[in-house]
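Worksheet: one structure, shown below.
Labels run A, B, C, D, E and F following the written order; every chain starts at residue 1.
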Amino acid sequence: MAFADPDITSDFVLPSNVTGSPVDGNFFTFTSTRALVSAQPPPNFKVTKASMAEFPALNGQSVSLAVLQFPAGTTNPPHTHPRSAELLFLLDGSLEVGFVDTTNKLFSQTLKAGDMFVFPKGLVHFQYNADAQKPALAVSAFGSANAGTVSLPVTLFTTSIDDMILAKAFKTDVATIQALKAGLAPKP
Amino acid sequence: MAFADPDITSDFVLPSNVTGSPVDGNFFTFTSTRALVSAQPPPNFKVTKASMAEFPALNGQSVSLAVLQFPAGTTNPPHTHPRSAELLFLLDGSLEVGFVDTTNKLFSQTLKAGDMFVFPKGLVHFQYNADAQKPALAVSAFGSANAGTVSLPVTLFTTSIDDMILAKAFKTDVATIQALKAGLAPKP
Amino acid sequence: MAFADPDITSDFVLPSNVTGSPVDGNFFTFTSTRALVSAQPPPNFKVTKASMAEFPALNGQSVSLAVLQFPAGTTNPPHTHPRSAELLFLLDGSLEVGFVDTTNKLFSQTLKAGDMFVFPKGLVHFQYNADAQKPALAVSAFGSANAGTVSLPVTLFTTSIDDMILAKAFKTDVATIQALKAGLAPKP
Amino acid sequence: MAFADPDITSDFVLPSNVTGSPVDGNFFTFTSTRALVSAQPPPNFKVTKASMAEFPALNGQSVSLAVLQFPAGTTNPPHTHPRSAELLFLLDGSLEVGFVDTTNKLFSQTLKAGDMFVFPKGLVHFQYNADAQKPALAVSAFGSANAGTVSLPVTLFTTSIDDMILAKAFKTDVATIQALKAGLAPKP
Amino acid sequence: MAFADPDITSDFVLPSNVTGSPVDGNFFTFTSTRALVSAQPPPNFKVTKASMAEFPALNGQSVSLAVLQFPAGTTNPPHTHPRSAELLFLLDGSLEVGFVDTTNKLFSQTLKAGDMFVFPKGLVHFQYNADAQKPALAVSAFGSANAGTVSLPVTLFTTSIDDMILAKAFKTDVATIQALKAGLAPKP
Amino acid sequence: MAFADPDITSDFVLPSNVTGSPVDGNFFTFTSTRALVSAQPPPNFKVTKASMAEFPALNGQSVSLAVLQFPAGTTNPPHTHPRSAELLFLLDGSLEVGFVDTTNKLFSQTLKAGDMFVFPKGLVHFQYNADAQKPALAVSAFGSANAGTVSLPVTLFTTSIDDMILAKAFKTDVATIQALKAGLAPKP
């Protein structure tokens, strides 16, 4: 399924399969993040999205959110969002963040709780909780109901792109590519 | 000054008055919200915006955030955002929220901490912390770098719109309009 | 139903339920306003819309019109259009018009027949025929096939928003809110 | 100079050369059409535009209007608007109107006073007042602050396009092209 | 059928009638132009489009291409694209090209193999291979999945627009219009 | 500098520093690709862009082109375009191409001369000339005047992102990261 993100010509968009009782306030409410606020930190980095797929009322509203939980010492690997910038608000802990622009310049920062940082549209960026003890918690806003995520380690090294193409692209040998692929492969 | 919100043809937009050293990560960082995270609740409802005016790096990125602090028993009066939907994430406390669509139907909800609620583009909406004791804290995302706010009590009754026009519009008398204006007028 | 307003990738959009004979010039013609041109003024202010709902050929064309009839001494109450600016052309009579921007500044004007006035996107505005004898007639253009209308008296005071929330928002007492609600309630 | 038409991130856009006193209601008012309402018909077809060039407050508001005056028996020649559909409202008289879609199908109609007709975005269209006695008056709305007009007789035959290219394109001879050019050339 | 051209909220858009096996790389491949690369020149000017109708994977991607083959001495008649600019890349031969802006100014050029030329959005333009011997080959890019084409000779003179309207518009007589129509009419 | 890509409200956009003689057809012509058509293949993969930076007339026209030259056995490494899809037309030779969607599925294809392939907006993609003898030549169209390019090997491993962050992200050790960085570093 695919929907257009830009200005809609109705107040909101109902899913085509809505039947029975008319929509009420519940349709515009998302409760899957309720547990996150006072939750114990997860064992690994975890992102909980509230985008069009999980929260259909966002269709046509050009906005979405995600909650990011960083246990101590964990990273959100380099990635891009094909359809939006990201504005991150650090609620708790600290974070190393950065992005690279199309001239290959790195912009980085150390964020303290309460800080915001904007990752411009479509650029490669990452976050890292360098603290060895404390978890970090952030919420990120997007200007699209479905920003999408392209995680680069997974995209590059777990999707069957030919070893030799990758070796040439990264100016290394096939053995290194195969070792990277083995490290990133899902564990049985 | 005015800028177009849609897709830009550069990675980001620098203010025209940038001089001296080139931009670095600080340009993309917003620290004015740092104090809010652990702050004492303010005496009245307070909104702290991170939009294009306060955070110029948002120009062209089509996203912004606001932090909303609700002391016990306070309200964010009915208002609209002319240029975006609002996706609210309740971090702490509880909130009564609602919006009215263009068919004059009210959609309302009681939110618990961790819940999200979307107010569709351009519609009248409000939030109210009904708890007599506990403050509430929320963060709201917008799909525009400058969503704008039209606060209806202030817009209608503190801007010199003719008393008789308002009396006719609200099907009341001039005395009632003047009393509403007096109540909303800034205190000397 | 909801449709995207922006550029379409076809010449025009046919309703999904068109059957039988193919469309011809009639599909692109709207005759419901034919009677208005030489009609007697109605007893109250009246707006006749030619938007996507009434005139399906406008779907995808990002334009619509409305005809506004103001008997002597009547008002079009403060309202917003969530999805477009309004460009009003006064065909006959005179009008007091105004809008309030997001800094709470009122811009007002007295229009004579043949004048135009633009109400910017999403802002609160109103029109009033102050003439005690003569009716006024206007046509308004919108840059959306479905600009939508949020009439503020009706939205605020006839949609079951809690009395106490409104009293706090308008810095008045519940009795005043209830009186306003009673005055605006539909007559039995 | 060129400006983007889509959603702006301010309430309105001020011209860069505004100096002196701040803008007031006059900036949003256009009075050049005041005389048209009760004017004598002009000798030839005449269009009076209220677009961004004549009415700078329209910048960023994505809407404009034009007033069309058709003396008896006159035509608005085939033309396109590169940046908008046109929604015509016939105020007085009658009109033959038509457009051709990209499959080369003609859609035509005879309009009576009070009728509207929509010419879809970018398509070739025309209007003709077939009445031998009565003038016609129309107002047209556009979903762009500067829809632009490409008048085809003038564009094709008064702009020095090579005679032979035109002869080949219209499958005629150079003499016919030269005769058409002579007929359309401005009279000294 | 009609689809919105702007940013989609999915990676790509599948046709609604896809059934059976899931899409693979073939869905994103277009082979109808394979024969053109080494083909003998056609007898007349010929355009081969790769737009949304011929290549459904372009839906939502806001880009398309066309291959233009000009035998010696042939022309692509004056036309417009209602939904995009055109960026032409001349691969072989030479071309006379031109467009007319909305102020009726002609911009023309003689292109050599390897040159590019941009025809701005919605304006009338043409190409002509003036070489008496050599064919020309070009590829044109569009920023829409369905730019559309309005060919002016055909639109104006083969679609039953009334002879008298055309005669008035082109300031000529009905006999000339009828001769032009006869020349452009499809041969039996 | 930054410009908005969407629909402009003028025919074209002139650079702010144009002085002297008015623009003519030369402004809309790009000749830097003239030499490419019959050039000897370059020693390495080479892309020649005709985007807004090199060809200012594209500003506001939402389209651009690039010419891609692949000597035998060379690759265009995995990359994304933040602001557009890419529609590639293979003029000569053969190419292995592929992209990965946001569900981490690889779509790949072997292209022959004359084939087209579309890489959807914002997704990671690559091209490889697997032929050991023959060069390949392609032209790619974009639906933005400045699509931008994020080359992933260079972005990830030559921009000073911390070794440990990269090691954690790619689930490898710092030594491997340092070896990749050394291999991709510019040669002195």
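As a convention for this text, a residue touches a chain if its C-beta (ideal position, glycine included) is under 8 Å from a C-beta of that chain, and two chains touch if they have at least 3 such contacts.
On a predicted model such as this, the values are computed, not experimentally measured, just so you know.
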Joint neighbours of subunit F and subunit E, given as chain labels: A, D
Least hop count linking subunit D to subunit F through chains in contact: 1
Winner on C-beta contact pairs when B-F is weighed against C-D: C-D
Same or different contact residues where subunit E meets its copy subunit C, judged by the half mark: different
Longest centre-to-centre distance from subunit F, chain (CA-based): C
Length of the line joining the C-alpha centres of subunit D and subunit E, rounded to whole Å: 25
Intercentroid distance (Cα basis), subunit E paired with subunit B, Å: 48
Between subunit C and subunit A, distance of the C-alpha-averaged centres to the nearest whole Å: 41
Sequence positions of subunit F contacting 2 or more other chains: 4, 6-8, 11-12, 60, 82-83, 98, 102, 121, 123, 144, 148
Which chain pairs touch, all of them: A-B, A-C, A-E, A-F, B-C, B-D, B-F, C-D, C-E, D-E, D-F, E-F
Interface residues, subunit E side, partner subunit A - complex: 4, 6-14, 60
Residue ranges of subunit D in contact with subunit F within the complex: 1-6, 52, 59, 82-83, 144-146, 148
Touching residues on subunit B, where the partner in the complex is subunit A: 7-8, 11-12, 23-31, 33-38, 50, 55, 57-58, 60-65, 84-87, 89, 91-92, 98-99, 101-102, 107-109, 111-121, 123, 139, 141-144
Parts of subunit B lying in touch with subunit C, wherever the complex brings them together: 74-75, 77-78, 80-83, 96, 98, 100, 102, 104-106, 121-124, 126, 128, 148-162, 165-166, 168-172, 176, 179-180, 183-184
